[in-house]
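Shared between the two complexes below is subunit A, which has subunit B as its partner in the first and subunit C in the second.
Right after this comes the complex of A and B.
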């Protein structure tokens, strides 16, 4: 009798598709797809991809060793050159954010907490398997302190040393050496050698992907817009984990459709829809909260200055001499010189780039997102705001995190901001 | 005669304002929001129309604003309460030489708005996602002190003791702090003054974030509380302009915008 009472009833683990994180992804994806009209047909590839990976938990096959990166400062061309596959681990799930709260103080960045939460779970999203190596560039403090914790979860972690001062020659030399050390780490991991031919091939592959991104970026200059920002963010988010060649083809198809839209005089938004440049903490699926609120309220995100999109893909490598040493140096420079990350002591390039984007994309205003606890973005707001005040460009600063409970308040603030942009335009006309 | 309506569906009260073709205020009506937003909004509008001897057909254009703006489907358009509040304060402030900064305290949020000399919103800030420093905070405090909300203002000026510090910003924690102060034998008036100063300092911080310019206009239900007005004036170091009907500025602004939109659409 007693045995019967103490019997443990075996519980079958629920399939991934019934997990909370799958539900979260499903809700956001349905919203992105169903609540907006006339989505580009070529977006179907990306909608299906996210459904497959985030909602069903299907694995994407990859070749060679799998190298997880926690930041865009890890040169992916090197990873490809060694026959390995990079996957960006930065996570946007509120579910994992809550889980990751065990590792970090309460007032920490949602992105870092969510990434830790995901890595500590059985379901490493995107499901392309457990990384053989996690590369953690020493950028912001919260990421720096994550290394030890990720190691504690049973991963092999490599600290990629990254300088804090961008302009100095010492930083440049230091960073070039750091990239070389990263290459020898990859050599140990893969047992392969870095050659001029395989690095050149890797650079050509990312170069083609970047060219496709640039073309997409340029289509967004069109007034009225041809595509919404929520779709553009989904495209660049897919770059985190998708097979790079497949991704490039899909973006090229999307670009072809946008060219048709342009020729047909198609408009994705009303002609008076306020045009917004998005900057600050990166929107990462499923946390597309702010871009979606902006576009639900009748605005359109025409360009961005974030590390989940523009900053990740815009700047190309400029090689002088196609010799291995020069190629590695040029590659290192690409990851340091154009970078507009707020971890640097001074960051005038970011202000210049933002002003440039507003000008080129005929934007009416800027929305600045800072994740609560992301100190560098919070602190840099002041100097960016001063610059924009001087230039007479309206900017809305929003401090938020992954939790959905401030959506009501945020929608009021965003609507009011868009209304004021519309009024400004009316008065100027 | 053509009339234009603004309806502000707030978290605590529904406010309706009606203006005529010249933009003159024809009448206002305020009622509790209750749980049936839609029904109560319709009734509030009808009550005001009856009071003025008007019909629904006389209202040419209706703009909804406030927390429940999307729920009132009969409206021709909806607009955020920030834009509506700015429009109402700008219009009301004209008689007093113009307004550039607005402080609004509502039932569940508080905001500061800066407008340019033509009435367009330049900058605004809202409290974060909790009830600290809002009308709800006064509600809770009044209940703890066994007073009516309307009595708080007078108590502020009574007694001769300095206002007590209320340190908690969270409404729930402040509630237990108030109970603690009562248990320690402190008088109601110094507690109430302390509550007013606690709200005032939060509100002034918000206002300073958007930049205080020229005359400061204070509206929203809590602006009826003279004690709170005095505390904010003290913290701000400036006089506040409080309208006759502080609760209905936003509804009035929505009505003004309804009139402008209607005239614009029918100009040709």
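Right after this comes the complex of A and C.
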């Protein structure tokens, strides 16, 4: 009897590139690359990178200890200063989203579920290797509660205590202390010391990356646009796992090309294309569903207020005295004070940032994505909508998740919204 | 070539200047001028709105207004309320005229005692010792002291003139001001470093002066611009700052409240980062050193204007140049 079972031919494990997960990435990437005309040549670096990592499942080499972060609040300068490599674990894959559903209640944020799904799977894509430490800042409830689950999966988890009020002096003091404790945790992990020289070098490295991001950001002010939002999102998504110096060089090349495009009077979109500011839950590859729908429908995402792009790279650190203490305190402040995350009690800064982006980037409207189950974004919708109403700026609120099922319905809504923006523009002209 | 691009170019050069270095040299020149200018027979009068100390008899290029003000207020009452006191008014007007030009910029760029504190801070920095901060509660209490000192500086001379206080208390603020002892030392005059034993009051005042000078030296080593926090001149400035020509302006709509300006502020002024409504953002503690403008990454969020014309504006390019020296392009 037993022999019969042993005689069953074992199923050969299929290579990753033929998995459903790789297929998901492949479809989105092909769409990004092939269905749009005149992509910048310098984008090839990023297309190749995503193809290697997400479609072929190639490994990403890194140096030193690997520190996974589940949020932009974990100060990456500190991680670099200790000779470790940070990698952002926030995931955008529908495959992992379904897998992660086991851990969370039915109505939960796709991003959190996908991150848990990714960490719990045997074959983690992007193939970054097992993080030596997962830093989980205590931001929203779903991320907070993930901590123990991630620990249960066999990872070493560090809860980085993050205040949920940011205006008070108490929160500044508390956060500065949290960041110092994080530094001593990293010291334990790496066995290295934090020095003035290595922190300054780390800050110079991220500073250069931020300067490159800001330059890209500024090129997007141009009307008609020089580059599409889907490409910009891909660039900032690559920052999650790419080698920071290589990433910076690639962005600088892209900027050089955009400068040429500007000089040549190039137009990536029609001159009447409605310009959209994107806000809310972060688009992370392969879930670039909304930005792609917007740009397929003839709109263009000119700027964003999300933690997978602008919020992650925009704010820069100023230091008065380049001594260790002042550098660490200034870094801590940068991660708390300008943050427009909806987990905070008040959202005045987010509203002001959005109004400023609409004004500076000459946007015609705003598209607000909330992942169903991401309560904080859902709850802030009302106050943000009121603010835009007052300012006379049209906004479309979309509740969605990683599932591709609602694409048809969403594209109808987005097309209608963009059409109304066009009409409004015509009437005003 | 039209004038506009040239002007824009000049503006870019100014906005992207290595600000700390510029300010260091400006302060050095001002220090030399007001501490040694007297040897070149420079005399800018006795109504100066900063601590060009009158006790530095040989080197001074002008006298701090607080000295003549306290002397004038200390006249016998009969004289104080006579026509002779018109001179007090004209003196005050001259002081206001001086003040209006640079506003509190006199503190941040010219005042020799302020410059001296910056040098002591630089010494500490070079030794690798961090600076100290007040807590929010300490700040809220201590910030009132300068107004108390200003009130005393006016009331005590009136009391002296009215015969309530001894003449040995006059001029009360100068007797306790660290500039009286420290600045003359730069011209080799150490005579102020003495306790006057002629009367009990004199002993008390001069001893208090020496203690405060010692406190000044220790304080400014520990804390950036330690003394400016308590300076009655700073309080007086603030009360008359409305019509000043040099102004610090903030455009709250461009501010992200990132706190970069607060991080570099020697005076720990939180409003500079947190207040997005006030456009005239200079507070009573501000020394108008403009470091906040130099460290603001948001173009146009902070600026210094002179008679309404922007002269130094925060720009992203300027910020990147100053903060990330050499990391803009690969080395």
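Quick note on the criterion: the second predicted complex is superposed on the first by the 423 of 429 C-alpha atoms of A that agree within 3 Å, B and C clash if a C-alpha of one lies under 4 Å from a C-alpha of the other, contacts with A are read in each partner's own complex, and residues count from 1 in each chain.
Going forward, a residue touches a chain if its C-beta (ideal position, glycine included) is under 8 Å from a C-beta of that chain, and two chains touch if they have at least 3 such contacts.
What you are looking at is a predicted structure, and each value in this text was computed from that prediction instead of being measured.
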Side-by-side fit of subunit B and subunit C on subunit A, or clash: fit
Which superposed partner A:208 touches (first subunit B, second subunit C, both, neither): second
Contacts of A:405 with subunit B and subunit C, given as first, second, both or neither: first
After the two structures are overlaid on chain A, angle v-u-w for subunit B, subunit A, subunit C in degrees (C-alpha centres, nearest 10): 120
Touched partner set for A:419, first subunit B, second subunit C, both or neither: first
First, second, both or neither for A:259, with subunit B first and subunit C second: neither
Touching partner for A:427 - first (subunit B), second (subunit C), both, neither: first
Partner chain in contact with A:249 - subunit B first, subunit C second, else both or neither: second
Superposition-derived minimum Cα distance between subunit C and subunit B (Å): 26
Subunit A-touching residues of subunit C, taken from the complex the two chains share: 125, 128-131, 135-136, 252-264, 270, 273-274, 276, 291, 295-297, 316, 319-320, 323-324, 326-330
Residue ranges of subunit A in contact with subunit C within the complex: 167, 169, 204-205, 207-208, 211, 214, 218, 249, 252, 314-321, 323-326, 329-330, 333-334, 337-338, 349, 352-353, 355-356, 359
Subunit A contact footprint on subunit B (complex, rising order): 67, 79-83, 109, 118, 120-122, 124, 126, 128-129
List of subunit A residues in touch with subunit B within their complex: 394, 405-406, 408-409, 412-413, 415-416, 419-420, 423-424, 427
